[in-house]
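Here the chain labels run A, B and C in written order, and each chain numbers its own residues starting at 1.
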Amino acid sequence: MATERRKTENTTTGAKDELAQAAARPAAQAAKRTSASEGDGGRLTLENVSARYGAFRAVKDVTLAVRPKSVTALIGPSGCGKSTLIRTINRMHETLPGATVSGSISLDGVDLYSSDVDPVRARRVVGMVFQKPNPFPTMSISENVSSGLRLTGGTSKSEIAGIVEDSLRRAALWDEVKDKLNQPGTSLSGGQQQRLCIARTIAVKPRVVLMDEPCSALDPVATLKIEELIRDLAAEYTIVIVTHNMQQASRVSDETAFFSMDDDRAGYLVETGPTAEMFTNPKQALTEGYIQGRFG
Amino acid sequence: MSMQTGTIAKLLTQPTAGERARQRVNWTMRILVGVAAFLAILPLIALIAFVLLQSAPFLVPSFFFNNPLDTSPGILNAIVGSLQLTGLTVLISGPIGIAGGVYLSEFASPRVVAIGETAIDVMLGVPSIVAGVFAYLILVPVLGFSGWAAVAALSILTLPIMMRSTQEVLRLVPQAIREASLALGVPVWKTALFVSVRTALPGILTGVILAFSRALGETAPLLMTARGTNAENWLDFSTTMNAMPIVIYQYSAAADDLLIGQAWATALVLMAIALTINVLVRGRTVNSRTA
Amino acid sequence: MAGLELRRTGGLSADSLFRRITGTGLLVLGVALVGLIVAFVGYSNPLWAIQSPIDFLTSATWSTGTIDENGQVVDALYGALGALFGTAATSLIAVLFAAPIGILAAIYLVEFAPPRVSAPLTFIVELIAAIPSVVFGLWAAGDLSNRLRDTIEWWIASSFGRFIPFLSEDPESPAADSVFRAGFLLAIMILPMVVAVSREFIRSVPISLREGYIGMGATKWEVIRDVILPTARIGLIGGVLLALGRAIGETVAVTMVIGNAEGVPSSLFQPGQTVASKIASNIAEASGEIAIGSMAALGLSLFLLTTMISLAVRVLIRRFAFTGGRA
């Protein structure tokens, strides 16, 4: 079924039709993968995580359990620390001067912040896709995809070529670029560049893929393709996606976590639960207010 | 796709040989770049220290207030000459350079801007000795070895500097305020002068001061035009004039220790003036530049 | 792009008058440039009448000749090869040292230095550019030159001098001035320029690219090596070229350290000359059309060299501005 849809992209169906098709799809369809197998790797556990920029606490006391091989959406108004939070998961937050993290974050039982864990290694296992597509301009398409593999070495040239093709296929980009693998990564459209970034992230076989508003710089058609991609990827990876777009969260995720800002300007977790429930019957009044568009 | 369960701990906590090598390279390069930065400032420290050391015995008041042929020799005419020559240079090339920069920024069509910028690039690259030879060939036969010829040579060097710095500072003036002025019915030339230039004025002045500092240290053009002299010279540009760089250059090759020592002392004075100007003018923007 | 709308109102309105006045400034620059070219070509002409430019460029003999019984100058041969070699050698030595150290230092300043250290340190490096070259020359002649002779020159000569005569020196009497020392001094003088330009281009690499590579598990050095340096490459080359142009034109400091010896030196550790130092040393005694012509010819060579470099840098930077910002 997914292949059918991919074919439709390339033929005569216009953008308007695609969007209409998407609107007709029931929102709960996205959540049907709740039967994803657990215990297979990729369980993320956050306990009392706080993140600071110097003295300012941007995120406070977040406790969250992310199920393996599922999509968890972090939603909430701007400034609630959602992006800051996911950057603590792949240890990017600490690269800023004066930035600190407290609490514990573990992946399948391993504390990501323990002293035996090199942040460099942690970032191999937890990948990230950024808001603005950022392919490396001095590398070709295939070099972009293989960039992570070539860093660690140990993979032969033929293996690399195979992984590049495999990753591009999984990212639904192979057909569009297979004839121009040597062109620079920046020669693609915005949506294609973002899929390229996804391809290179999964090429190193992470357990978790973090996505920080991956579609906010893209047009609706490109956004649609990436949302489909996310649903497909959830079969293999644990995905945590930050999004400002509630409808996107309801389309794409299995679980949703809603954040808000407290009086001290720190972001905190208000409530979390299966997506369908969160959007139809949230427990907190604040959550309901946000979902109904009364603020944010 | 197989994800080896249970190996996540190993993946995260046990570095492979390859990884350790990468970390070693990382640390080595960290050290290397730090060393490079240290090497970059080392010469400055060595130079200042050495100049201070060599010039200390000569820094007596008579050094500053006497002329070379006095019983207790000094470099007064050189200090005066330097200030006069550089001052006149800036006075002449400043307005011309600023005017040209204003034209390029406010009025010129894109094609003229391209040609103008190329011309400025070329002129900026002209070595000071070429400017000196030019003055020697063209002006000295007419004006003799004189302050005028020296000022002309120095102006060739400072003109493009001032044009470029004026243009760049004007470029930073937001287009929005020009438009606001024009929308109010202010004529174009008044907008250029009282809005654009006025806003950019601190930067333009900085450019002028820095050009002054540059010109103060130029030696080669002066050697061929103003030539240096032992006589006092107050504002007589029609004949040879003395200047600090000339003194340094000429005395450095002397056999007399007294003269060599004076060269060091003059070097200290010249360097002190140049560094002070630069620190005062550019030091204030150091912190805002990190943005 | 013009900052203000051009509206031709015809006649001598205040606007058009102002335009003309400021335009004159640019015109003066243009006249100066043209004047330079015309003067150098014109004054060097008499030289080309008696000898070909090929001889000028390829002969190492520089002789003003003698005056025969008819009062004519004979046997004059103005071969600038020694000077051209010296310019090339000193500039290349300068770039050889300044480029890697300058780029690495710029990397440190942008990527590794703590924020409160970065700005003052950058400022100090750029202060070096404010020191007049004659002061550099004096310091080099009095201090640096001897230090170099006793350390680096000695080390290179004793290690390689036997195999490469070019790098040899007589251990009994090392020269008082040398081409190498002039080159090394130039390296110190052009370093701030390399650092400043490199710093700008390294900073201009977007943070998103850095984050992208770090997110994939790269070490800081790997981000620099695989992302930052390739992306900034064209600008870095431009900066080195700019510094090269400066080294080629530097006169006073070089003259004070290079020793002013004719011809092509047998070793880098022997005295030599550059085109610039030759002009500085000889112009006072040059008299007569031809001798002056030789000085003009030297000046013309310098002017052509530096102009070519300025134009090359301009082309490079322009191309970089179009392609570098694509990410």
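Note that in this section a contact is a pair of C-beta atoms (placed from the backbone, for glycine too) under 8 Å apart; a residue touches a chain by one contact, two chains touch by 3 or more.
Keep in mind it's a predicted model, so treat the numbers as computed, not measured.
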item: Reference chain B; chain at largest CA-centroid distance; value: A
item: Leading chain pair when contacts are tallied as C-beta pairs; value: B-C
item: Centroid distance [mean C-alpha coordinates] between chain C and chain B, Å; value: 16
item: Centroid distance [mean C-alpha coordinates] between chain C and chain A, Å; value: 51
item: Interface hub residues of chain C, defined as touching at least two other chains; value: 115, 219, 222
item: Where chain B touches two or more other chains, by residue; value: 22-23
item: Multi-chain contact residues (two or more partners), chain A; value: 120-122, 124, 151-152
item: Parts of chain B lying in touch with chain C, wherever the complex brings them together; value: 22-23, 25-26, 29-30, 32-34, 36-37, 39-41, 43-44, 46-47, 50-51, 54, 95-110, 112-113, 116-130, 133-134, 136-138, 156, 159-160, 163, 170, 173, 175, 178, 182, 187-193, 196, 213, 216-220, 223-224, 245, 248-249, 252-253, 263-264, 267, 270-271, 274-275, 277-279, 282-283, 286-287, 289-290
item: In the complex with chain B, residue positions of chain A that touch it; value: 39-42, 107-110, 112, 114, 116-118, 120-122, 124-125, 151-154, 205, 207, 236
item: Chain B-touching residues of chain C, taken from the complex the two chains share; value: 1-7, 14-15, 17-19, 21-30, 32-33, 35-36, 39-40, 43, 100-102, 104-105, 107-109, 111-113, 115, 118-128, 130-139, 141-144, 188, 191-192, 195, 219-222, 224, 245, 248-252, 256, 276, 279-280, 283-284, 292, 295-296, 299, 302-303, 306-307, 309-311, 313-314
item: Complex contact set, residues of chain C against chain A; value: 114-115, 206, 208-209, 211-219, 222, 226-227, 230-231, 233, 324, 326-327
item: Chain A-touching residues of chain B, taken from the complex the two chains share; value: 1, 3-5, 8-9, 11-16, 18-19, 22-23
